[in-house]
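Should a chain be cited, it is by its letter among A, B, C and D, assigned in written order, with residues numbered from 1 in that chain.
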Amino acid sequence: MVQEPMFDIAQLAHIEIYSPKLEESVAFFKDILGMDESHREGKSVYMRAYEDHYHNTLIITEHHEAGLGHIALRTTSEQALERRAAAIEALGCGIGWIDGDVGHGRAYQFRTPDGHKIEILWDVDYYEAPEAERTPLLNRPQRRPNRGVPVRRLDHINLLSKETDKNMAFLQEALGFKVRERIVADDDSSIAAWLSVSNLVHDIAIMGDGMGESGRLHHICYWYGYPQHLSDVADLLIERGYDIEAGPGKHGVTQAAFLYVLEPGGNRVELFGDPGYQIFDPAWKTIEWKGKDLEKAIIWHGSNLPQEFFNYGTPARTGELIK
Amino acid sequence: MVQEPMFDIAQLAHIEIYSPKLEESVAFFKDILGMDESHREGKSVYMRAYEDHYHNTLIITEHHEAGLGHIALRTTSEQALERRAAAIEALGCGIGWIDGDVGHGRAYQFRTPDGHKIEILWDVDYYEAPEAERTPLLNRPQRRPNRGVPVRRLDHINLLSKETDKNMAFLQEALGFKVRERIVADDDSSIAAWLSVSNLVHDIAIMGDGMGESGRLHHICYWYGYPQHLSDVADLLIERGYDIEAGPGKHGVTQAAFLYVLEPGGNRVELFGDPGYQIFDPAWKTIEWKGKDLEKAIIWHGSNLPQEFFNYGTPARTGELIK
Amino acid sequence: MVQEPMFDIAQLAHIEIYSPKLEESVAFFKDILGMDESHREGKSVYMRAYEDHYHNTLIITEHHEAGLGHIALRTTSEQALERRAAAIEALGCGIGWIDGDVGHGRAYQFRTPDGHKIEILWDVDYYEAPEAERTPLLNRPQRRPNRGVPVRRLDHINLLSKETDKNMAFLQEALGFKVRERIVADDDSSIAAWLSVSNLVHDIAIMGDGMGESGRLHHICYWYGYPQHLSDVADLLIERGYDIEAGPGKHGVTQAAFLYVLEPGGNRVELFGDPGYQIFDPAWKTIEWKGKDLEKAIIWHGSNLPQEFFNYGTPARTGELIK
Amino acid sequence: MVQEPMFDIAQLAHIEIYSPKLEESVAFFKDILGMDESHREGKSVYMRAYEDHYHNTLIITEHHEAGLGHIALRTTSEQALERRAAAIEALGCGIGWIDGDVGHGRAYQFRTPDGHKIEILWDVDYYEAPEAERTPLLNRPQRRPNRGVPVRRLDHINLLSKETDKNMAFLQEALGFKVRERIVADDDSSIAAWLSVSNLVHDIAIMGDGMGESGRLHHICYWYGYPQHLSDVADLLIERGYDIEAGPGKHGVTQAAFLYVLEPGGNRVELFGDPGYQIFDPAWKTIEWKGKDLEKAIIWHGSNLPQEFFNYGTPARTGELIK
């Protein structure tokens, strides 16, 4: 018998990004993506989408350059949190415990081999809608905003990394992520990998950093689920002067209907416009794309990806296209 | 610390339904829903949707009346199968092991308190598309059929039950299902419950049997994920003489865009037309609908449900509306 | 050879409705349907949708009760305006010329046999977007609003009438409307009729008034063209306390994906959620629905129409359901 | 007063294309686009979409190379046919009357300045569905096919031309077409023009021939009206080995959601996936795209157009990309 899978991590809980243009970034997520501000403290603004159940899923922190602050993963139990913290501590990549932050309790922080900061946590604060924002749709934490083309929930994060395989292995071993799809080089090393602990094809993706850097962010993604909304938000973006990097189009990998846009701080944001597909098979065999199949992996149909998509990340580097 | 959740069951793997009109039932799933026949043996036809990865997800068996044959759940590991089989055996509701069936290996069978037959299994056969049916979309097991408005995958099953709470508790305790939503009576007993082991809102639902019967089937559900397809398939159904029971419309419960139709054998089939919402929160608090909220629970917008929806199940009973 | 068709009327140009709750009505069209206020004068507010090219397509005038103010039709030329005015004058139902109103030049006013006031006009003012509202999509008069689920353009009007056939004949003979579809009684009289001068199935519809009244309004309709937007706007309406009368659903007549809602002043507003079908055939033979076909005429699939739909009009009458 | 507009031409009635691979071309329109064969005679196959009301809208004729056979326009009356025939005869570009063809009566044929063959006609045969193909949706001439992703109706044709302005002027003067949109060179000459006699933005488009040839075809277009269908048909096309040239994407010009594919005979076929916008204004001022606006004219969002799109036409020429 093979070893049983690990079930200690439940989900991607929130993401902190850095922005050199805090108010413009907040306005983008608020006015175009219909997100709400939950809280402000210090240099950080806490936000959430209207079907996010927690206090916040996005923290935007003012910083001299764009990039990733940290990623938070929620465990499946308090015990699982202790187990994972101990295991990661033993791996020698731990930073240590923090008492908590706005919206959650104590958390254990660490770095991936590539240097991306992750925290794992169990206790979370739930969003409580004020009376005026409540909805008779009881499984929705607040009514649909009347502003922009509102995203529904946080979906995933995509990290640039110097060594895809090393970081992929870390997520598998330390956290129980499963590798759902891979783009594979001739030597069978991973050019990119899509991993999840949930039925989604990915909660976290890792792509090789075209600039050879470490610790950078490729994109964060919020979810619509309906293809029409990509077309709707494209109108808003174009007509309000935002620059769509690519999309609407459909990836072969993950079957995602995508649109990529740079938020004013410089971070790339993906909007996910259809349900994609989901994985329920507990013994899922990693989908491997290589050679002649690669073209369809990247674009199944619609918009192409510009060269910038494969190089640009945040923080941006000299010699790289910066908007 | 509260007890850790159980992770032994991974998914709904397949369903067997009975039909007194085998060939007409098969034609419905094939010509309208674009499903393929994987195998025939004895009085049974094995079928699957084009994004179902296993050998089959639907078995239609000729029988003197419509109804449920059995439900198969796949465990998360071989060890989990042994654990669950032992635990259910201990509960005294086991039927016993079978060596396997077309498409899967040994399975442990048992009955819910209401008498619905379930089997749990680990070994499955994967569908291997013949050369002509392969697709460059490597995460799709075969190309999209050119027939009907093809469903993508099995979604869930909805069981009628004499005692909702008792059967709900069984699924929780014996199998680790979590109760995602409930329709609640004044005495806090459950009129209906939606349960899952996955990020879906439900893999199995249980509704009180309006006729006071045991072991009946309310419906099985296949998934589109795209709202347009409900409109498309409604054209096919109406223009080919099938009787749509309700829909397209949208439930509050599960946020599902639904269409219900009786297949020729008499079993109700739901087609799920949008992504609904998903649950990633490991400490999800059951959504409870009652009193004034009930109307929106049942219909958020669009088509109403006829009285038949609340009474009719298979096998049909005297005094009940039978088509 | 049969007589050549008349081409003097080009389109439905604007509609004036009455509201006893002016500001609430304006807020509905502005916040939910994303329309803009073009002008205010006296007791009237002039509005337009973002793809309406003229200065206004909707005038809401404060009045002690809801109902229709007037309908404006634009002719295909200045000469056509003179011809139609003379012809209608000769029919004895003319009111006379007015010098113009906000957004258009001189117009000839008259009443249909049922008493609905219509004006025909040629000179119109075009909407000129301020710099900040311009769009690089040059065939769109302004950028898409970032508010509500914005309707794109005025579509049609539906009038209640004491005698459908008489009013239908008037529109045909005096204005060149063609009868596209009819609901027909046993004696071949028209219960309802859909007429157009354009490729739309109807610019004006006439339905028998269930209360036996004259001159009332059944509904006005704005157009989305995309089915998803009915689902989106339904969320906004339900969660902001508006009462959806019916929909989303699909009519057989006109193949329209519909949603009906009463605006705060009490007038019924239809939102048209798909392209329906269009008529290019210059010798189109009226589609006639009767007997067993009627059920599918009214509802092809989805939401049913409540009894209120067949009785309620504005101004509302005693004994009639009034919200 | 300006001169009144001409209303003699009602619509695009049918198109004949040439194919060197007749059966493969027919199979494409039948199996992928769900069209039906109405008739076969000599080297020609007559086809129609399921919401086309006439006997046929597409004729595919076997020929040694791909290209345009002829275009048929239906007049608004018998008198209009006589008037147009006389006027065109007077212009000296007439070919003469024919007695009729399968599906229509006598027609007057002529050539545009660029050499494209057009016929105008009044008498048409309507499609009569056999009993089994009838639908209770009485405004639909037959039930929706259960094959492919069926197109609904013929939409428009796009012609390559040596001199856009000359041919545009011919369509305006000889036939009463109105110029809805233009792509304009620095000297104000037209690079491309979209013209219509209906409320559609174009029934016929003319684009400059990149190879400097005369009389070639750029594409024919069938209509879906629903964006989802472009995504659906893209699956079928890719997985059955057809090569999508571009799309799904959205043009600024006409606001069309497009997908372009070469049918097996080599002719380009556009599938129109949304309702676009329509023109009801009888004094529509031509939309003119030039300079910095051009990029958005061609692609509003989504898929780009490859260089081939601007050069390739049928019959293909040496030095040109031929599939």
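The rule we apply is simple: a contact is a pair of C-beta atoms (placed from the backbone, for glycine too) under 8 Å apart; a residue touches a chain by one contact, two chains touch by 3 or more.
Keep in mind the model is a prediction, meaning the values are calculated, not measured.
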item: Intersection of contact partners for subunit B and subunit C; value: A, D
item: Result of counting contacting C-beta pairs for A-B and A-C, higher pair; value: A-B
item: Between subunit A and subunit C, centroid-to-centroid distance (C-alpha), Å; value: 46
item: Where subunit A and subunit B are represented by their mean Cα positions, the distance between them in whole Å; value: 31
item: For subunit A, residues that touch 2 or more chains besides their own; value: 136-137, 226-228, 238, 296, 300
item: Of subunit D, residues touching subunit B in the complex; value: 31-32, 135-137, 143-144, 146-148, 226-229, 232, 235-236, 238-240
item: Residue ranges of subunit C in contact with subunit B within the complex; value: 227-228, 231, 234, 238, 244, 247-250, 257, 296, 300-304
item: Subunit D - residues contacting subunit C, complex; value: 1-2, 4-5, 7, 10-12, 51, 53-54, 74-80, 136-140, 152-153, 181, 198-201, 225-227, 252-255, 274-275, 277-278, 280-282, 287-289, 293, 296-297, 300
